[in-house]
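Notes follow once the structure below has been shown.
Just so it is clear, A, B and C label the chains in written order, and each chain counts residues from 1 on its own.
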Amino acid sequence: MSLLQIEGLGIDFGGVRAVNDVGFALKPGEIVSVIGPNGAGKTTLFNMISGVYAPARGRVALDGEDVTRMPPHHLARRGLSRTFQNLQIFQSMSVLENAVAGHHLHERGSVFADLFSLPAARRRSRASEESARALLDRVGLGRAAEQEAGSLSYGALKRLEIARALALKPRVLLLDEPAAGCNAVETEEIDHLIAKVAAEGVSILLVEHDMKMVMRISNHIVVLDHGEKIAEGEPAAIARDPRVIEAYLGAQATEAQNADG
Amino acid sequence: MRLSSKTTTLLILAAVIAIAPVFFPSSYYFRVGSLIFVNGLAVTGLVILIGYAGQISLGHAGFAGIGAYACALAPVHLGLHPALAAVLGAALSAAIAFLVGRPILRLKGYYLAVASLGFGILVSMVLSNEAQLTGGPDGMAVPELGLRAVLKAIGIDLSNTEFWYAFSGLVLVIGAWLALNLYHSPTGRALRALHGSEVAARTVGVDVAHYKLVAFVLSAVYASVSGSLLALQNKFITPDVAGFMHSIEMVTMAVLGGAGSVLGAILGAAILTTLPQVLTVFQEYEQLMLGLVMMLVMIFMREGLLPSITRRIRGRAE
Amino acid sequence: MPELLQFLLSGITVGAVYALVALGFTIIYNASDVVNFAQGEFVMLGGMITFFAHAAGLPLPLAALIAIIATAGIGVALNKLAIEPARGAPVVSLIIITIGASIFIRGATQLVFDKQIHRFPAFSGDQPILIGGATILPQSLWVIAGALAVFFCLWLFFTRTLIGRAVLATANNRIAAQLVGINTNYVMTLSFAMSAAIGALAGVLVTPITLTSYDVGLALALKGFAAAMLGGMGNPKGALVGGLLLGILEAMTAGYISSQYKDAAAFVVILAVLFAMPQGLFGRKSTDRV
């Protein structure tokens, strides 16, 4: 049975159909990639699935439950977590605290205990801090734990967002361009990390422009163009699909023209 | 040693409060000191709201007004002891903050500013218009707390100004301790997270509306207790305590010293409380100087005095 | 009925002043995303400078002109010295800077001039005009006409002139405006000058009715701010309607409920509007991008 089921999802911005009638499914432990040229609507799709935008049409079901238009923090409780293409880091916190903050659902308790720093509150904090350190090690940021988050490089911040998202212990993880701005070595590390997380049974929905990475790790690929799903299938089939090639080449041709003009 | 650590902050604060009287030539200084502590308490509450959670309020003097008038009214009309009246005021402030906060905190930036401002103005208007009850703009008397007499009975004989200096100082230290505990706790992290990025906080499961409300209610209680202390030590209160200018003063103190840090905000309270006392010599220039200080600090030290200064010192040390 | 008409007329007069202050807010807010709490001080300066120039022997129209130009200059100085250096600062800091500026201007006015209450003669005498059983002062007509004229000129400016469109473009997207060659610093300067001049004009028009002194600015700023917010920040039409509504509302509350609570009515309604429509009456709804 599929863990995440999307049907006919769509949203408009000022009359423009940013996403229209998109549907697909995600099974436990599966990696599904959403690809498409710039502005195709990939991030918008993520925003709708994660409850950041309210879709105008369609349905999102998580583990059989209808979660359409449910606010993000309720989705988080049901095990859906994500990263952002445009970084959303807690800038004034340390790297460690960013990762600890990802444990919110596991560490929250009574405000009263927190105010008086009661043993229960301290225990909760300590547990999430330990877990956060392990996660930072896992994404290769263990040694940067005490630094201010704002001082990290772009690639490192991308990994910090992954650590923070993993802190939730999600069942479904949405990654929006996790390898953007990373060098080849970092990209490969992220590649491995994603594969390992999926192997642990977490379903992953991935948006990524690095086609080599997408082809290598995806079980299934969904292609968007102008907000519509134009193709869907296994990586090998997608790579051969004339509509996909057209969408990408078309986009590249326009870009080349823009660069010339 | 890091300045931001909880114990260091508390030690510095307690040491300054305890040692300062050695240099006080007259009881007037005790009086100014206790005013600083009372303001510092309200401002510490605003650190939770502005510094931690990143929300603005231009109406918190309204809660100070509720705390102050609770101490004036409850003893007369309900026969409560003034200390219990202060507790009642705090509870009332918390309840009102809970009711008002929910709709207000959906707003952002300037909209939140004007809504909170409106709330504060409404409170001060009720206080000055319901003259049969509150004495109107002329204010009303507040009964004696009575704690000094108790202390005297057990052998601790303090003058009135000394007592209020020590008592407000103690309450401030407790308030700072709670706020610092909160900073390093799961709740504090949730508040700072939603300050950093609301959308990211929501996706890690933070119920943003709930935590904003927590910060609003807590800061309201701080403001209320501060208002109660002010009323009790002055033994007299006017609606000005709830006025717009008092709200502005509170926010300015917090931001001037550094809303992100408890110690910074208390420093801000100290400076802005002392400034008018110093400037009474140049009475004519008081407003001019106050306005100038507000502008200059905000333009040249955006994070506030203390964070800017420590950053500069650290930068030099490295 | 004449009673209702009377309240309506006085409400519109006061509302026209609020509308002028709100229009001033709107212009600066559009150009710089700053809510200028010193806006009320411009109104105060308009009245005070006119009074002292007139008292020094200048004819009233000349005194008013000088006041408007001098206030525009102060507006420009405010932008150059306090707002531009703080570009990009958080909202709280900007609030404190402009409130600091307002306290500073108040302090300076009290030093340069005095703390007295002043008035200069109405433009067309003090003989009330009778309309359907209610009366209105000729000066009120001046105030209302002033607000409408300013609104109309602004509309022409923003829709018919190149520089007006440049201001709008800057409001929409500062970076894009710079890219197409708009001098956004000039736009800011111009906006502060215009906004201050409009404020001063309001001061000139209303002083014969409400009198002026160094400390009238803050209350006006709060009401104007509320009016701008009621209409929806950044929308000139909203500012005009918000101002008039607020004025009428106050007059009705004062007339039918309690004059003590007339200021309360304004804030109650604003709270209600913001709760129901967080963007104000004419504000646009938008989805925050992430």
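By definition in this document, a residue touches a chain if its C-beta (ideal position, glycine included) is under 8 Å from a C-beta of that chain, and two chains touch if they have at least 3 such contacts.
This is a predicted model, so every value here is computed, not measured.
In terms of inter-chain touching, the protein chains here all touch one another pairwise.
Taking the mean of C-alpha positions as each chain's centre, the chain lying farthest from the centre of subunit B is A. Separating the CA-averaged centres of subunit A and subunit C is a span of 47 Å.
The geometric centre of subunit A is 41 Å away from that of subunit B, both derived from CA atoms. Once the centre of each chain is set as its mean CA position, subunit B and subunit C turn out to be 32 Å apart. Contact of a single residue of subunit C with at least two other chains is seen at positions 290.
In subunit B, 199 are the positions where the chain touches two or more neighbouring chains simultaneously. Counting only residues that touch two or more partner chains, subunit A has 52, 84, 88. Those residues of subunit C that touch subunit B in the shared complex are 35, 82, 85-86, 89-97, 99-108, 110-111, 218, 222, 225-226, 229, 233, 258, 260-261, 263-264, 267-268, 270-271, 274-275, 278, 280, 288, 290. Subunit A meets subunit C in the complex at residues 13, 43, 47, 52-53, 84, 86, 88. For subunit B in complex with subunit C, the touching residues are 50, 56, 58, 103-104, 106-107, 109-111, 113-115, 117-119, 121-122, 125-126, 129, 199, 244, 248, 251-252, 255-256, 259, 284-295, 298-299, 302. By the touch criterion given at the top, residues 287, 289-290 of subunit C touch subunit A in their complex.
Within the complex formed with subunit A, the subunit B residues making contact are 178, 181-182, 184-190, 192-193, 195-197, 199-208, 214, 218, 260.
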